Every structure is written in C-alpha cells, then in structure tokens.
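Here the chain labels run A, B, C and D in written order, and each chain numbers its own residues starting at 1.
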Amino acid sequence: MTTAELSVLTLQCPDQPGIVAAVANLIADVGGNIANADQHTDRDSAVFLQRIEIDGAVDWAAFDSGLAQLIERFSMQHTLHRPGTRDRVVIACSAELYCAADLLTRASLGELDVDVVAIVSDKPAAGELAAQHGIPFRLVVGGLAGDARAAQEAAFAEVLDELEPDLVVLARYMRILPESITLRWNGRMINIHHSFLPAFAGAKPYHRAHQRGVKLIGATAHYVTAELDAGPIIAQGITAVSHRDEVEDLVRKGRDVERTTLANAVRLHLEHRVLVWDNRTCVFA
Amino acid sequence: MTTAELSVLTLQCPDQPGIVAAVANLIADVGGNIANADQHTDRDSAVFLQRIEIDGAVDWAAFDSGLAQLIERFSMQHTLHRPGTRDRVVIACSAELYCAADLLTRASLGELDVDVVAIVSDKPAAGELAAQHGIPFRLVVGGLAGDARAAQEAAFAEVLDELEPDLVVLARYMRILPESITLRWNGRMINIHHSFLPAFAGAKPYHRAHQRGVKLIGATAHYVTAELDAGPIIAQGITAVSHRDEVEDLVRKGRDVERTTLANAVRLHLEHRVLVWDNRTCVFA
Amino acid sequence: MTTAELSVLTLQCPDQPGIVAAVANLIADVGGNIANADQHTDRDSAVFLQRIEIDGAVDWAAFDSGLAQLIERFSMQHTLHRPGTRDRVVIACSAELYCAADLLTRASLGELDVDVVAIVSDKPAAGELAAQHGIPFRLVVGGLAGDARAAQEAAFAEVLDELEPDLVVLARYMRILPESITLRWNGRMINIHHSFLPAFAGAKPYHRAHQRGVKLIGATAHYVTAELDAGPIIAQGITAVSHRDEVEDLVRKGRDVERTTLANAVRLHLEHRVLVWDNRTCVFA
Amino acid sequence: MTTAELSVLTLQCPDQPGIVAAVANLIADVGGNIANADQHTDRDSAVFLQRIEIDGAVDWAAFDSGLAQLIERFSMQHTLHRPGTRDRVVIACSAELYCAADLLTRASLGELDVDVVAIVSDKPAAGELAAQHGIPFRLVVGGLAGDARAAQEAAFAEVLDELEPDLVVLARYMRILPESITLRWNGRMINIHHSFLPAFAGAKPYHRAHQRGVKLIGATAHYVTAELDAGPIIAQGITAVSHRDEVEDLVRKGRDVERTTLANAVRLHLEHRVLVWDNRTCVFA
C-alpha cells in the first residue's frame, strides 16, 4: 500500500508528556492501524511535530470527534488528508523552461500525482510547452517597475485566485512577489532558488558563485515568504564545480540540481511530509 | 539533553495493530516521557521495529513489569539501555593503521563515548599507536593456513573472550574469521570493507575497481556474519574517482571514506540506533 | 566561445617523449591556438591520451598534412571534429519512458546539441511521447526467445542501419542485444544500467539492492559491448537510501540518478570528451 | 612513479598562442618527459595557467636557462619544485583539537608528506596532543582586545617567523589575524572555516545554519587574506542534515567534513596543485 492510499495526519503542538499515547490510543480505538509514524520534538522551541499514516477500517466519525478533543487538550494544529484527492497545481515560470518542463514530464509519467491546471508566465516562451502537454497557458506580461509592475502583479494574483490551486510552484518565475501574494499563498507556494541559500540570495547567483571561486554550487527549494529567498527551506541539492567551469557551465550543472531539488520538494509537500514552524521545516522523508 | 543521558528502548516483533499505543501508554503510566521515537514496519516481512528515547522520572520497577507483559503479548525482542554505562570496545587491525588511529583519536577527543580496552592485531605495526594512546596491545600472530592458522584463530578468540568487550571493531583486520568467532560475536562485531558492497567483495577491491574503470569507489561498514562481506550493512560511503587515479590514489581517497564510514557505523551502534532483521538493518539515524 | 564553436582533436598512442611538443608545434605552425588541452598517460598500459580544443585562423590543409605525419610517427589513433555539425541520435526505449522523455526535453531546450532522428522501441508506450515532440517513432516488436527474438533483433538492427545515427542511446531499452549489433555500434551505443556497476549487473537490480539492504543505490552509463553490463563506464551516479525505502522507492529515487547520469554521459560523448582504451574510459570533463 | 618523485613546474601568464609548444619544446630539448600536464585558460581574465610533472634525465642547467627566456618572453610567474624536499608545516589551533589531531595522524602515517615542526596555540589544550606525537608545542596566550590582543598577535607572528615554515595551517585557530600576518604569509597559510562559504562567514556558523534550517552544512578550506573568510577557496565539502539535528549534531557532522576538507586542501597545496589568480584558485587535482 503506497502513501497515496493511506490517510495522513499531521500534528504540531507544544510538547508535553502523553501526546503520543493519546494519539495512538485514538487511532487504535476507532479501528485504525498506524502504518507509519514519524515524530520530532524541537528542543529549543519545545514544539512537538508528528506525521502518521493510517490504514485499517477506521470509523472516521469517531475519529473526528476524538481528534477534536485532542486538539482542545493539546492546543494542536493539524491536517488530515484522506486518499483519493489529487492536488491541483499551478506552475509559474518565465523564459527558462527546464524546471517547468521537468515537472510536466513527471506529472505526465505519474511520478508526481497532481493535476497541473495551468502554466502561468510573464513571458510567452512557455506557450509551446503548455500546448505540447495540453495544459492551459496564462500569459501575464507587464513591466518591472511602477504602475506597469503593479498591474502585472495584480493580474498574476487574479489568475491564481481564479484557478484556486492547492499549490503554486515558482519554477524559475523571475519576479519578486509583493507581500499581498506571498501572504495569500503562505505555505502553499514553493520557489526554487539557484544557490545553496543563504549563500547568494537574490539576483545572478551563478555569476557571483563564479566570481567567488566556490567549489560547490547548489539549489534551494523553499516556501515563499515576504522576505526574498528567506522562507523555510524544504530541500537543497549541490554539485561540484571547478576552475574549468565558466558561468555557463555553472548554469548547465545547476539546472540538474534545480530540477531534481524542486521536484523533490514538490513531492514531499504533496505527500504532506513537510511541517513548518519557526521559519524552519520538519521534513518527514 | 543528549542521547547519552536518556534511556533507550528498542523493540521488534511481528506487526499488529496497537503496539505503538501499548508502548506509549506504558511509558506514560510509569512517569516517563518519550523524548524521541522512531519506528518502521517492514512490509515484506511484516516486522515492526521501534526505538524510543525516554526521559522523565520513570518508575523503572513498574516499567520492567509492564514491559514484560508487552513482550509476552506481542512476542517482542527488546533491548533497554540505561544512561551512564560506557561500552567497552576492542579494536582489531593488521598492518594498515588509519582506521584504528581514527577511532582512537575520536575516543580520546570524546567523539565516541567508549572505553577502548585493547588493540588486538596479527601484526606488530599497531604497537606504537597503542602505546601512544596508553591502550593495551595484544599481538596475536600466526599463519594463514593449516594448523598455524587455526592456532592464530584460537588465540584471537581467546583474547576476545578474555577481554569481554561489548563491541569488536575490525578496523582493517585482514583475516577471514572462522564461523566459531562470527557466531560468538554475532551482532557485536563490525567490519569495514573497502568497497561499496556487494561490488568487489573479497580481496583487493581497489585493484579491481581500478581495472573495471569505475567512476565511484566506496566503503561499507557491516556486522560480521559467517559469509564473507555478506553481513547486514550499517553504513556506506562513496567518493568520485577518475581515469587520473591510479590504484594508490584509490587507496588514498578510499581511506577517508573508510574512516568516516566505520566511525559513523560504530557511533550508530553505540547509540543503539541499529536494529537487525532478515540480514538487513534498520538504522534510526 | 563554447565547445560547440571549437575544433576538437583527440589522440591516443603508445607513450613516448615529445608527443605534446610535436602536437603543440603543429597547431602553432598552422595558425591555431590551444584553447583547452587535457592529457593523460595511463601508467600500466603506457598509453598516451589527449584532447585539444583548437581555435584561431587555422590552415586546415596544412594541419591535415602535418597531422598525417604525426600519426605515422607516433602510431596515433585520432578523431577530429570541426564545429557546425550536429550529431544524429537514435533513442531506444521500452515501456519505461522517463529517460527518453528527459533526453527529448534536453534536446528541445538546447541542452543537448543533437538531432533526435527517431525513437525506436519494442513497446508501443513511447509512441505518444514521440508524437508530442514531433519525432518519428519506429516500433520493432517481437518475442524474447527463439525465432521471434531473432526476428526482432534483425528488425532492430535494420532500423538502426537505415537511420545511420552517429549515436544510439539505450534509454531503458530492456533487451539483451546480440553481438552482431554490439559490434556494429561499438563506441557509438550508450546504455544506462540502473545500478552502480559492477554491483547488480543483469536483471532487477533495485529488487536485489533492496534485498541486500544497501544504503546507496546508483546508475551507470556505459558503452555497450558484447558482454552484458560490462562495457567501458562513462559516468556513474549515486543516491542514499534507507530501510524506509521499499523497492518502489528505490525505483523512484533511482530514476533521477539514471536520468542525470545518462544525460551527462551523452553530453560527454557528444563533446568528444570520452576516449576508450583497455575497456576503460578517459573522461576529459 | 609518484608525484613526490617528479619535478613539478607551475606557470601562469597572460594567454597568447604558442605557450604550450614553447614549454613542451624546452622540456623535450633538455631531455625531460612530460609525465602529466594540466592547463587552464581563464576566459575572463585571459590568464594561462599550467602545471607540469616532469621526469627523465633532465639537464637542469639547460632547463633553467631556457626557462628564464620563456619567463621573459611570456611574462610568466612560475614555481619549480624538485623532488626530495619535504615541506615544513606549522599547525595552529585553539581549544578544538580534531583538525590538528587528524593532520598529525596523517603526517605520522605518511599520508601527508610533511614535517610538522610545531603546534602553536592560544590555548593549552593541544599540549598533550603535541607531546603524544613528539611535536614541539608553542603556547601563545593573550587577550582578545586592546594591548593584550596586540601582544598575543605579536607573539604569534614572532613564533611563525622563528619557525620559518613553508606552510601554516590554521586548524581551528579561533582568532582573527591582523593584516600584518595575513600579508606576511600570503599564499602559505590555509584556514578551515566551518561553513560552505560565502554562507555563514564569521562566528558561530553552525548555530546560524541551525537557525536558518538549512538541509546541508559544509566546510571551506581557503588561503588566508586580510578580509575574514574571503580568501581564495581551495576545497569545500558538504554533508546532509535534517530537522533532527541539533546544533551539537551539526558540530559533530561538520567535524568530519572539516577534517577531510582541510586535509585535502593541505595535500593539494603540498603537491603544488593550487594556483591562485584573481582571488580564485585553479586546482589541478
């Protein structure tokens, strides 16, 4: 039985004795079985985090009512995902298409269990790619400053609101988003940045990596927050480089790291393996 | 609070509903708190495995009696480690000293929380190293065939029996052990093999790797069993090589992988993070 | 100036003093400049291998005649690639499409500078993928034994002969090839095997890796030779796994390693960076 | 024949056609053979860099005079290292001893071909380690501010001047050096910083990495320059971490990366494989 066929419960609350027993008892009492469980207590913040995969002939009404009591008792935040629903995803990109193309290929081969509902872009480049995969393409062009920028941002926000995706993936969407958008999609918008953050946040990381003469380059997938490239990190990847690598070699090598790191982060999110607290992530991989 | 200050319970038994709840209840009932817990159910063999770190003001008499009931009920195997005891370790090596030297340095710097009670070797090379660290050196020379071999093996077995270590680490001890020894120290003897097993099991793996033209070499730390290089794998490491690397370069690069992989495996074992079933390991890292 | 705009000379011959000077003099004498050079002398076989990127206003007629003298003098094998020609590639696959899809995406985005002239398969699965990319699809079905197998192999060989590609990429083409084909395409046919060879050569490597309990899985791209999975290794990749990973998780994680390793090997081949001698490769990366 | 038995010539100069031929001709003319050669032209700065290993019955007087002409002609900087000399190394450390201990073990096992002439420290902790290895220990205590700091720095500088090492290795020497020292030992002083620079330059990188929630930590070995943690990078290493890792786990995991990265950088330097230009390194590994 794969994850997609199990119910997934995630929990987080202030740590105290008895949480594990209480949750395990509830699941056992309503006829469930714990297929997998993973937990973590963050020492500094004394936060308890848990992810449980449940199977068995669960009496879900009894479960819901028992869970409500636990939530009250332990001041829990929780999510519960029943099998059989597919997340609706919007992919946003600009002129570089390799991350978007990679995600579409994975979706079409069933590696990512999602419905890609649209590709949204500020550049026309992705139109052909969208057509190739039979995905709607939404072009939201606009300027980078002043009113033209504000108009573009409003149009982008509107498209997202209209599409109502479960997840927005910024697959090399090369615009800085306003706080109105980052707040709106908090915890549901993943970006790929082409450096191992916090090194080389911001623009042109490969150029700066080349100039600094680093021997490793990387990529970072993170939830988007108001502060640029500073949101909770979900996954990071890295590859070795040398003096022989010009900037364009870093770009080429980095592409493979970006693709893989982003796809990995999206999968972890879709499987409800990522819990966020204190601007950090707990990744129950 | 570090792992060394917590009690560690490990469990394995046939999987069935209710195990997690029963164990969590027991711990809560006797005044304990689950500081960390990790569990795994192996799908094919339907075996449940768990590792729990316990703190709090535990009533250990009540715990022991409650645990006895669970063991009966679930047909459990278990181990329980209370803080405050240091494992006694014997390091065995031959002419190459880098793994032994690395372990001794880690022990002396407190990175490995052990008492190294002796270095045992079939070669005199390690004598000086042992003296440098103030560790008893036991030389057990002997032939590689016939009676001379049998005598060496008997002497080696006798030294181990006399020293009664909690763990024997074969840190480049270049002799094939008889089944009498591998059975005697089953689950308590770790070997480092200088290849990523199952590739290049047996003699001269770096020579064979060079001849095959591989682009990666590795090392494998595993529990020793009767079959050569076929025991449960605890940890593996790897490093990139190229056509420029002669056999001696593979040896040099491999040393760093061997050292780190072996030290890592020893630490995992000492922290009771490795459970074995079905000739495989569950490593709760 | 990128590699694609330079002329590339590769050489190999028995080692002796004076080769580097002779070649460098020739290039300087005909007006060329050495943009990049990489060389290696294999100690055991005393073979000298070199790859040189040449730019400048070269008098190619003079170069050719001078090179002919060097070839005579040093008993050289050589290749010379002038810029402006694109390799024609055939991709062969079976039911699993992720490697083929990845190569096609890279070709369409310009990451691989090739003309994919056809997808050839023994299964119909890739037909849609080929159509999506506007690439001819050649279906060559047939049995796995006896006359049916021989017929399939003959048909496959015929398609390749007809297409006359510069390179055949076996992107998860799950059939063992007869020696007639492996000899015919010697040095021009690259396969991806889903293990870090020489571990788990042959069928079902991920199942065997799971059963052995390894902590690392990998993939190997190699030139195809008569002996199964024993040809010269071009590139290998690896990723970490744990007890949590079922066979299908190994398959999933391995896919990313396979894709990246194969694409990397194909690129290295296309840029004339791979020299083969003694069933090993010199990869001037 | 290993590197230690070959002569090593390194060159760097403005790029122009004919350098490779001129150098190769000189070596051939004086009876030498190019055992290995590696070169690189940096496109942006148009700098040519080369490292050549020479064997054969060289007429060194003729070589020297020919080389002088080439140096004039091409405005070269060069180094020439004849076999048979061992570099004299000073190791500096503070309270953490694992990097120093690792270097000493490598030196005593012959992995690093050096004479460690002294351990210098601002803390007494390393005294026992030095005694264990029979190495002189020079304690240079002092304050961190004002006159006390200046006095410590002067004493440290004096010890180095007195010892006249070929290389100073800062193996976790936790003091910021004055420019007078960094200039004096420019290109001959290697530091290990416990982060993948440029991320987390400065103090407490593991604490900051933990707070930022990164999924990778690293270490960087670099030549020391006046600007803190900003000198030319020789080598970088990295390891994966997760939410489970507390700061002390990052410290533990990081130690292995630091040790290996530093030892690797020291070896590369000792083998004359590192050329510096433009605050970057060319590492002919």
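As a working rule, contacts are C-beta pairs under 8 Å (C-beta built on N, C-alpha and C of every residue); 3 or more make two chains touch, one makes a residue touch a chain.
Predicted model, so just to flag it, every value in this text is computed and none were measured.
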Relative to chain D, chain with the most remote C-alpha centre: A
Between B-D and A-D, the pair joined by more C-beta contacts: A-D
Same-residue or different-residue interface between chain A and chain C, half as cut-off: same
For chain A paired with chain D, centre-to-centre distance based on mean C-alpha positions, whole Å: 40
Geometric centre distance via CA averages, chain D-chain B, whole Å: 35
Multi-chain contact residues (two or more partners), chain B: 40
Partner chain B, residues of chain D touching it in the complex: 2, 97-98, 101-102, 105, 108-109, 111, 132-133, 248, 252, 255-256, 260, 263
Chain C residues within the chain D interface of the complex: 17-18, 20-21, 24-25, 27-28, 32-41, 56, 240
Residue ranges of chain A touching chain D (in the complex, touch as defined): 40, 42-43, 196-200, 211-216, 218, 232-236, 238, 242-244, 246, 279-283, 285
